[in-house]
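Paired with subunit B in one complex and with subunit C in the other, subunit A is shared by the two complexes that follow.
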Partner chain A sequence: MSEMWINMGPQHPMTHGLWNLRVHVDGEMVLDVDPEMGYLHRGIEKISEDRHYNEVVTLMDRCCYVAGLAWEHLYILSAEQALGIRPPERAEWIRVMSEEFQRLGSHLMWYAAFVQDIGLMAPFLYGMRDRDLVLDLFQSYTGARMTYEYMRVGGVRNDLPNGFTDQSRKVCDWLIDRFEEYDRLCLASAIFHKRCDGLGKMSRADCVAYGVTGPMLRSAGSKRDLRKDRPYSAYDRVEFDVATADGADVTARYLVRMEEMRQSVRIIRQALDWLDKNPGPVMAARVPRWLGAPYAPIGNEGYLLKRNYPKGLGLSAIEEPHGEAQAYIVNDGGEHPYRVKFRSPVFANISAAKKYLVGYRIADIPPIMGSVDVCVGECDR
Partner chain B sequence: MEAEFPALVSARLGDRVAAVEVFPGTLGRVRFRAEAALDVFRSMRDDFAFDHLSMVGGIDWVDHREVFYVLWSDARRAYVILSTDLPAENPHIESATPTWPGANWHERETWEMVDIHFDHHPDLRHLLMPDGYVFHPLLRSFKLHEPEELEVKTRNV
Partner chain C sequence: MAAEGVRKEPKSADNPILWVARPMATAARQFGKSLIRPSTIVYPFERLEDPQFREEVAVAAGKPIGVGAVWDNYRGVHALNVATCISCNLCAFSCPDLCIDMVTVPGGDPKHPKKCPEIDYGKCSYCGFCSDACPEGCLTMTTRYELSTAKRSEMVYSPAKLYEVFQRKLPMNPVRIELPENEDAILLDPPLCIGCNACSRDCPTQCITMIDIPKVGPKPGEKPAKRIWKEPVINDSDCVRCGTCISVCPKECLFWGSRT
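== the complex of A and B ==
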């Protein structure tokens, strides 16, 4: 009698984006869920087939709007493999630093949104305030706070400005103290534990079977982190620990993300030290002019220059703030990629929603989905 | 282990696999026969410990379609790519969802975008596009810059 299907979304505080969670409930209990995606589908894979390789970078910022630089990094790694271009070492370190700052930015955004979901209002402002410092750094070297368009096939667009590393260290020092504050705000709160402990359980075996990755998988005891398991860019030259927890619940995911932010600061400090000591070019010397940055049409023929480049395939996988992201690029010798396929970690994490939502109560859905860290932009692409 | 992998795959799967191509950064790109898909999936999961399916994607080569799978093995700490060709007319292949439950949404997306049908998929319906959407946007015949006309049927909730 009290069984019914209800819609949580597409406009709902829980969703953090545009998607609809259809919930089958019996009174308070969740019997079944059916996520409906596609509200933010912009056809990025299709549009990419109509763009030059460097122009796709613009789309990557829109793909995940809280982790634009991580997605640029993902796409560029794959495009470089497909095109057979290698970036200079300094560009690789700048990319690593950018990705880690982006992880901080993304996790701080997650922290702000997540604690608000569970009813703690003050930490929201703390998280947003500190994320602004990271955005200020992005603004100082990419010129933008959200849509960076910074990375290029064969390197990055420009070198870091004077004084950037000192300013970054100040931000790191500030943030590392704030993390203690965040923990005191949350872990000391009875509300936090009542709303998070033991919810959204998903065992390690289930995570692997359903393709769930990132902090969700590591909160179930796995040490899987592509930065360690399959190092890309300069990650084989930095020291850090993989954050894990054993609870496999919402609290465990909180702990994993908090530890990841501390490890990010640790990686950033090593990258800044390296960048201070090793000036050099940030673009590869032998990049075809039509791929070069800043992009400009060449002569009258402009974009129609015939390519004389080998065909190739590219597969890149990075540990994006939400989990394992992949890009598969088919280069058939044309000026545009023939096919670009992205794997979004959020896409896979939401697809397993039945596993971690069924059996809990309606009021548990906001904290559980908050701990999944949904970014609909990259899920729908 | 990486160097032996192609030989191991050939020995285990015989003529179900056409070739194991070199793909930098992975153990290889296994080109298998579409009819033997289920055997290949199960063997990859049980014999070669590829327990995590990262993604499924389709490519429209106009005269034929390609479907590819990217797998990860925690034990081997490596990726492998499975790939097979399907005819352009009525392309269909056995679903990987019974083997890896995580393939569910990836196959739904591939079906609606590249029009590859997955046999025995538990729930093959639209995911990113609305119900009743008749186009397959990632086919080469679907041109950008051209208007489309369609009537969208919403689901009865």
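== the complex of A and C ==
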């Protein structure tokens, strides 16, 4: 009876959502772990088969609730490929800017939650306060703070409001100063290093074998970043560096995310400069009406079958704040997608928990899982 | 330790006291700032949508931008101008949550009852698809966001209640979707049409006219078809593409398609 299984979750401050980590312990030491996901499964892929192409965007915001615009971008790229529609260039730059702002928002949220996991309360408040500025910007051009419903097949819903670029530049300058402050609070702190150094090691080969992507893979020294390796939208026209580190531990993941936020600000500034110089349409000129067409009236569904629209497949992959996400859409010519499939980076990152948790102490689990950046919404879908 | 592209860790001081003192000093500076200019607002007494207040609060709190500029695009409770509603059903059709019912309101004639949206805010997700779809711009979203009630039934806003919101002249979401040049129109499959006039009768914009077509007798040996010798012609420039004609057609002879 010296060894036992304990449940961390589904309601546990470490989980940041609804999932359960079963831990096999001998006293303090972790012998084995068994992550259980699925508590937040809402059947988003199945619901998508009953929605028009544009209406699926409403589900994407609920898919990952801290990176909604990144998931909208992922879905829209795939849907446009399946439907054979090309967005105007300005819309692509707005999407790039949105995704980078979303990366800032998501990483700030991660920072706030992570430092709270290792017991620092004050940085949590600063992280949440600064994330609010990013949400303010989102509200000014999408109309909502978390459920944006902004991107559409063939472009984006509306153009940026007047004065938006100036406000964004002010927020960027402000955030750059705050990152210095975060480093003073964490990297210069003995408490931080005692809690984080050398924990949760996962080598690059293990990451590749388990499909672990994103900041976790880059913290192991890899330069894999889809924005560089397979540029989508306007990412081939912006300059930025891929953030890497080679500790492969919790501190290295902190360094990678902090550097990614600085690079995001760099990308945003380039995008804002481009958007200032190039006004234009944000919606493709010829988008089939049926993308926003009404539902089939009850009792008269047959008329939908008379349509004869192009069929196609769509496959897209983006570098989401948590890792590499993919979407696959089958368009069989109907009003709704025939099949929608998403690949969530968080699912792969949590599934490899045995590799980076076994051998450490039970009190090390919160910082390690915090450094993974769990978003259960997209993991369970 | 850190590779290229990543900032080096700040040089740790030899004195271990500094390892604790520097973060504490940073936090203490923020604490001092917050005593003079707090970052939060006292919500029920200070409101972001209050025009006198909203410009000052954020800048006073030391934030780089004010909140006044961000507020007007907010998607909150709808405002409905009942007078200009044409009962086209497009808001109800485009709602992903199916939270809009079309209910009869006074003002129509017995043959064409006037129907306006009734919105259940218990289901609404504030996506704004309905106001994007509205061809007349009579259903818009306002900045109102306070909805809490003690009863669920009070979450259902009748057209009259939505009209009250409209009369308050709140700032409305001014950003509207740029409607694409429509590729699709409503087409007719002529052999199926029996000329029953249902589409023309129910069209909210009266853009369908029934024209006479030449009578063709039945072929020898065939039963004469039950047919009124008329056929609908749709005026594409007036059509709002609501699909009402398609849904009322008894023979399913109208459908979406491209004219070219």
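Just so it is clear, the second predicted complex is superposed on the first by the 365 of 381 C-alpha atoms of A that agree within 3 Å, B and C clash if a C-alpha of one lies under 4 Å from a C-alpha of the other, contacts with A are read in each partner's own complex, and residues count from 1 in each chain.
The rule is simple: a residue touches a chain if its C-beta (ideal position, glycine included) is under 8 Å from a C-beta of that chain, and two chains touch if they have at least 3 such contacts.
Quick caveat, the model's predicted, so the values are computed rather than measured.
A.B. asks: Identify whether subunit B and subunit C fit side by side or clash on subunit A in the overlaid structures.
C.D. replies: The answer is fit.
A.B. asks: Between subunit B and subunit C, what opening angle does the Cα centre of subunit A see in the overlaid model, nearest 10 degrees?
C.D. replies: 100
A.B. asks: With both complexes overlaid on chain A, does A:283 touch subunit B (first), subunit C (second), both or neither?
C.D. replies: Touch status of A:283: second partner only.
A.B. asks: Check the residue A:23 against both partner chains and state whether it touches subunit B (first), subunit C (second), both, or neither.
C.D. replies: Neither partner.
A.B. asks: Between subunit B (first) and subunit C (second), which, if any, makes contact with A:41: first, second, both or neither?
C.D. replies: The first partner, subunit B, only.
A.B. asks: Tell me which partner touches more residues of subunit A in the superposed arrangement, subunit B or subunit C.
C.D. replies: C
A.B. asks: Considering only touches as defined above, state whether A:315 meets subunit B (first), subunit C (second), both or neither.
C.D. replies: Only subunit B is touched by A:315; subunit C is not.
A.B. asks: Rounded to the nearest Å, state the minimum C-alpha distance from subunit B to subunit C in the superposed three-chain model.
C.D. replies: Subunit B and subunit C, overlaid via chain A, are at closest 13 Å apart by C-alpha.
A.B. asks: So in the complex, the part of subunit C that touches subunit A is made up of which residues?
C.D. replies: Answer in residue numbers: 1-3, 5-7, 9-10, 12, 16, 18-20, 22-23, 26-27, 30, 39, 58, 63-65, 67, 69-71, 73-75, 89-90, 93-94, 96, 125-129, 132-133, 141, 173, 175-178, 180-185, 189, 241-243, 246-247, 249, 252, 254-257.
A.B. asks: Flag every residue of subunit A that touches subunit B in the complex, lowest number first.
C.D. replies: Touching subunit B: residues 5, 7, 22, 37-38, 41, 43, 45-47, 50, 81, 208-213, 222, 224, 229-230, 313, 315-317, 324, 326, 328, 330, 338-339, 341, 343, 347-348, 351-352, 380-381 of subunit A.
A.B. asks: Which positions of subunit A touch subunit C when the two form their complex?
C.D. replies: Counting only subunit A, the residues touching subunit C are 51, 54-55, 58, 122, 126, 129, 133, 136-137, 139-144, 147, 149, 152, 154-155, 157-159, 161, 163, 167, 170-171, 173-174, 181, 183-191, 221, 241-247, 255-256, 258-259, 281-290, 292-295, 297, 300, 302-303, 306-308.
A.B. asks: Can you tell me which positions in subunit B touch subunit A when the two form their complex?
C.D. replies: Interface residues on the subunit B side: 23-26, 29, 51-55, 57, 59-60, 68, 70, 72, 74, 77-79, 81, 100-106, 113, 126-130, 137-138, 142, 144, 157.
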